[in-house]
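See below for the structure under consideration.
Note that the chains take the letters A, B, C and D in the order they are written out, and that residue 1 is the start of every chain.
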Amino acid sequence: MELTKEDMVKLFTTMLTIRRFEEKVSELFLGGKIPGFIHLGIGQEAVAAGCCFPLKKEDYIANTHRGHGQCIAKGADIKILMAEIFGKATGYCKGKGGSMHLASLDLGILGANGIVAGGIPIAVGAAFSAKYRKSDQVVACFFGDGATGEGAFYESLNLASILKLPIIFVCENNHWAEFSPQSTHMDIEKVAQKALAFGNIKGETIDGNDVITVHNAMVKAIERARRGEGPTLLECNTTRYRGHYEGDPQKYRPKDDLESAKSNDAIERFKTFLLEKNIVTSKNIEDIEGEIKPKIDEAVKFAEESPLPLPEETLKDVYS
Amino acid sequence: MPETRYVRAINDALKEEMERDPKVFVAGEDVAIAGGSFSATRGLYEQFGKERVVDTPIAESSIVGLAIGAALTGLRPVVEIMFNDFVTCAMDQIVNQAAKIKYMFGGKPKLPLVIRMPAGAGMNAGPQHSQSLEAWFTHIPGLKVIMPSTVYDAKGLLKSAIRDDNPIIFIENKILYSLKGDVPEGDYTIPIGVGEIKREGRDVTIVATSQMVHKALKAAQTLSAEKIEAEVIDPRTLSPLDKNLIIDSVKKTGRLVIAYEAVKFCGYGAEIAAIVSEEAFRFLKAPIKRVAAPFTPIPFSKPLEQFYLPKDTDIIQAVKEVVAN
Amino acid sequence: MPETRYVRAINDALKEEMERDPKVFVAGEDVAIAGGSFSATRGLYEQFGKERVVDTPIAESSIVGLAIGAALTGLRPVVEIMFNDFVTCAMDQIVNQAAKIKYMFGGKPKLPLVIRMPAGAGMNAGPQHSQSLEAWFTHIPGLKVIMPSTVYDAKGLLKSAIRDDNPIIFIENKILYSLKGDVPEGDYTIPIGVGEIKREGRDVTIVATSQMVHKALKAAQTLSAEKIEAEVIDPRTLSPLDKNLIIDSVKKTGRLVIAYEAVKFCGYGAEIAAIVSEEAFRFLKAPIKRVAAPFTPIPFSKPLEQFYLPKDTDIIQAVKEVVAN
Amino acid sequence: MELTKEDMVKLFTTMLTIRRFEEKVSELFLGGKIPGFIHLGIGQEAVAAGCCFPLKKEDYIANTHRGHGQCIAKGADIKILMAEIFGKATGYCKGKGGSMHLASLDLGILGANGIVAGGIPIAVGAAFSAKYRKSDQVVACFFGDGATGEGAFYESLNLASILKLPIIFVCENNHWAEFSPQSTHMDIEKVAQKALAFGNIKGETIDGNDVITVHNAMVKAIERARRGEGPTLLECNTTRYRGHYEGDPQKYRPKDDLESAKSNDAIERFKTFLLEKNIVTSKNIEDIEGEIKPKIDEAVKFAEESPLPLPEETLKDVYS
């Protein structure tokens, strides 16, 4: 699947939508409009966009606490997403989940997860189900570098490998887990190397801030999965701009680490590429920005104007 | 009604539900080729093949995760945790994921999955193979917890569990596996959340679970000879609990003994005592008594394990105390 | 007595015990360089170095395993589980290993380790970051479970926990971290297993834990204006429980309300109710009442979480009901 | 550390003691004298003997449900061991643990474990402690091939690798976990390959039925550990003769698998070697057998004559 010019514009639009959405979330959170914990993926948009683009609607994703981007890239409506982050009754989870628990089964979003590595075994279960039902679906399972500390990560890779399940384990390696650098969590450089512990898993490390590279690697991994050849562990090196959560001043972070991250901005890089290759003009870019802004505003308006859930809602939805 | 064994009733329920619904599959450690450590899944692999009867690595978290992901996407998994004790390796998946997914995702998802596991002591299997941890699960909203005591209940409740759209912890009992009992031919189910009076009586209510139901019945027989008629109630489903069945019985008898095999302190029976002391206090003529295990791990050696296990004689003594009161 | 905050009291206890005994070390996720997610370990890394203050991978099972192996071989680990909810990833190590090692190895080993973790809702942290799972641990013989409600208790009990030779689950509270209170200068400890009457009263006994102690005290104040004098008891140590303190109080007041933040069904308060209905039944003048959370996961949205949380007004209402009775 | 002739005789004696001890346990179990579950390591003696021989008394081991052999090799008194297996008051755990929970801190035996992989995190903790206390101790952590399914296994390797702890992870790969072959649990042939997922762990696969090979590999791993260079994952290929537990008829097991296992008997191989190299004579071997037999008989006698614990013992030893 070669990317057409149109595709590239779509990809760019997705990335920029994620960025503007999250910038707005940050602003609203710091302004006291959003409760709870917020983890932003600003700087990591190429992974979400590049991985989700080649997925079909019926395909699944499972993601993490840092999960707004993948939801948007998988087709979530940013109004409903924003409403959920606000804790409103109109949100994807009726306000019961919030930012850490975004899910929409209709869109194949099996759920962001507040437990590090908690979504990985579930993603494997979905891949098992796809194979069982011979549905040709695949699963993209997102997690961070820190998640490789958890036993559940390895158990899941092992099981998926043995059963040759149609799953792509996407490690968003932003080289930080909360306030600790990658070296606290592993003593190897490349997460993809961990694939060597399992027989049927193909490991690959790519530049996760280059959306086309991400896309192409994902296409190959999806094909491999659909052919029944087994899982891929796709490590996408990327960059976290913000603190672990909003409000985290990142005191622990060396200055040049953050600076070098920002000089490797996925959106800037893609923009330059698109301009240089004459795929878009500056005007086009402005237009895209111009289209996104009102949508974000609309999402905020929707969220702000939406009702809070009624207190008694608390007691509902526990059982089917 | 033909007679069969408890473990065979489990096996039949699995087989029949798998025949009935192609979405039902079984997974776990040694459940396929070996037919399960206690033979509960025997023959399923031969009948349904490796797609539907899956031997997994020794990896309880991912076994439960497998079930969750599959249930979320349209299947009806029944997974086995080989011993109740090993469920400690899967608590995140059960408690933070399975139990909460429906709720935290706003009510839409259905999560039809069953996690079977045998609990209980009495086989000299030692401290890590003999626990009864049901009280952990009953404390978790979003889970249903079933603990059948008879062959009939085991089959009927497992079938209901498999057809239910919620995550279910189905706790079997190692000692009861060899118990014989009658089951009707053909399909039947038992509603989840409905307890049963296993023996009627007017003098005292004994609420008992799993293996203790049989000890309670034995105790009731002995007591009957002394003109004390005990009513024995088996909640069968621990969560949701058929509260009124118990309260109504206590209203009649005025006395309550609770028998469970787990450690007494903070065990399931504490909840029964609490409910009754909240909701049927005025009907109580005597203190509530609990018969349960002491506050120790489960020892290996025979005389110790025997000492450890709550017995029918303990129930008799407790009943006599509350009746005298 | 100088005033400090709850989280600071924890921090001071850690610091002082590490100064006192070189065998004490701290490990966990982000406890060293970052000083802990809630700053409970702030400054320790700078003072004691990376040998004694260890940042680990995100791996709760092996964090607890680290503590067990170290405790078995002569050290006194204090490890942090970042949120109570994450302890679900470490249950085997805590329950099958730490709790049972002394017993199943015949009594010889000592296992001086502390597992700290914050519980509780109220921060809109959602269903996987807000639970209160203390009842799981109190059901397990071999563990001691401590849940301090005041700044003074937090420091004194943590010091005792670190000096104790048993595995201890030390449950802090996220909302209480910012609570202010007085602590004496210098070293002091509070015995494990000794509860405290936080307020004397003659009309009703309120047993409350952790954050609910403060709500109970607030309720007691309101009730006092209506001439109802509540006695508020904080067990502080949930296991072993200072049972007689509660029973003696109930003998005096004849009425009991139990307040805890966890889900009511099968929560810790059920055990208190059970004990009293067994051992102080004749002194009870009214049904026991429990004030606790409803049977649902903890919702994210503000009005829902507020609805979810048991409140001082709920305690007031419960007290009025039992007093009217 | 080169093995002297004397050492080799000692090693042989240890292996044969384990074999005879377990044969006796089997006989007694099947005769109804021993309660509970019994897992025998018959066929795997070279791993226990070869790995424990180069350990010092102060060094630690952590082992598994199939743990008699390592205990004997680490210096356990077979009388007290047998008494524990019988559930007698004179056993290592006063009858509270039984076969699956043998432990003796005085001998550095941190405990057999009824939970698959349950002892691995604990072993890592002991290694951390050794490093912390600068005691120069090392830890040998035994586990089976099936244990590599558990997340705790990987978490532990990762932590030990990052902290460069003095530990040797000894995988007793008997190619079976309960009733399932290795292929159910992993889709690679060599467990040692899993070391590649971690930075500081050296993986090595050896013939675990050749006690000298085991010994020599262990010596290197111990040296590496004591030098502070980090853990070794030492995979010892070996053979399980008996069922998973006593009473298991092994119906699931291909006949030739068991036969080929038996034709690779560690004790027979070592005996042949010792005879061929003229290290021992047939007479010596007979003498060794002759010395072991009464010791086993004595252990049985001790166990049989020992008192059962008093019922009230149940309530003791819960807390310090």
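The rule is short, and it goes like this: a contact is a pair of C-beta atoms (placed from the backbone, for glycine too) under 8 Å apart; a residue touches a chain by one contact, two chains touch by 3 or more.
Chain labels with UniProt names: B, C = Transketolase central region.
Values in this document were obtained by computation on a predicted structure and should not be read as measured data.
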Sorted by label, the chains bordering both chain B (Transketolase central region) and chain D are A, C
Whole-Å gap separating chain A and chain B (Transketolase central region), where each centre is the average of the chain's CA atoms: 40
Where the CA atoms of chain A average out and where those of chain C (Transketolase central region) average out, how many Å apart are those spots? 36
Go ahead and note the Å separation of the Cα centroids belonging to chain A and chain D. 45
For chain B (Transketolase central region), which residues are shared contacts with two or more other chains? 56-57, 59, 61-62, 85-86, 88-89, 92, 96, 103-104, 126-128, 141-142, 295-297, 299-300
Where in chain D do residues touch at least two different other chains? 93, 95-97, 101, 113-115, 118, 148-152, 155, 158, 162, 184-186, 318
Which of line, ring, star, complete or other matches the graph of chains that touch? complete
Quick one: in the complex, what on chain A touches chain C (Transketolase central region)? 35-37, 87-88, 93, 95-98, 100-101, 113-118, 146-152, 177-180, 184-186, 252, 308-315, 318
Would you pull the chain D residues touching chain C (Transketolase central region) in the complex into a rising list? 60, 62, 91-97, 101, 103, 105, 110-111, 113-115, 118, 120-130, 132-133, 139, 151-152, 155-156, 158-159, 162-163, 316-320
The residues of chain A that touch chain D in their complex are 148-155, 158, 161-162, 183-188, 193-194, 196-200
Residue positions on chain B (Transketolase central region) within touch of chain A in the complex are 25, 51-52, 54, 56-57, 59, 61-62, 64-75, 77, 92-93, 96-97, 101-112, 141-142, 144, 164-166
In the complex, chain C (Transketolase central region) residues that touch chain B (Transketolase central region): 85-86, 88-89, 91-92, 94-96, 99-100, 103-104, 126-128, 133, 135-136, 138-142, 239, 262-263, 265-271, 273-274, 276-279, 281-282, 284, 286-290, 294-297, 299-300
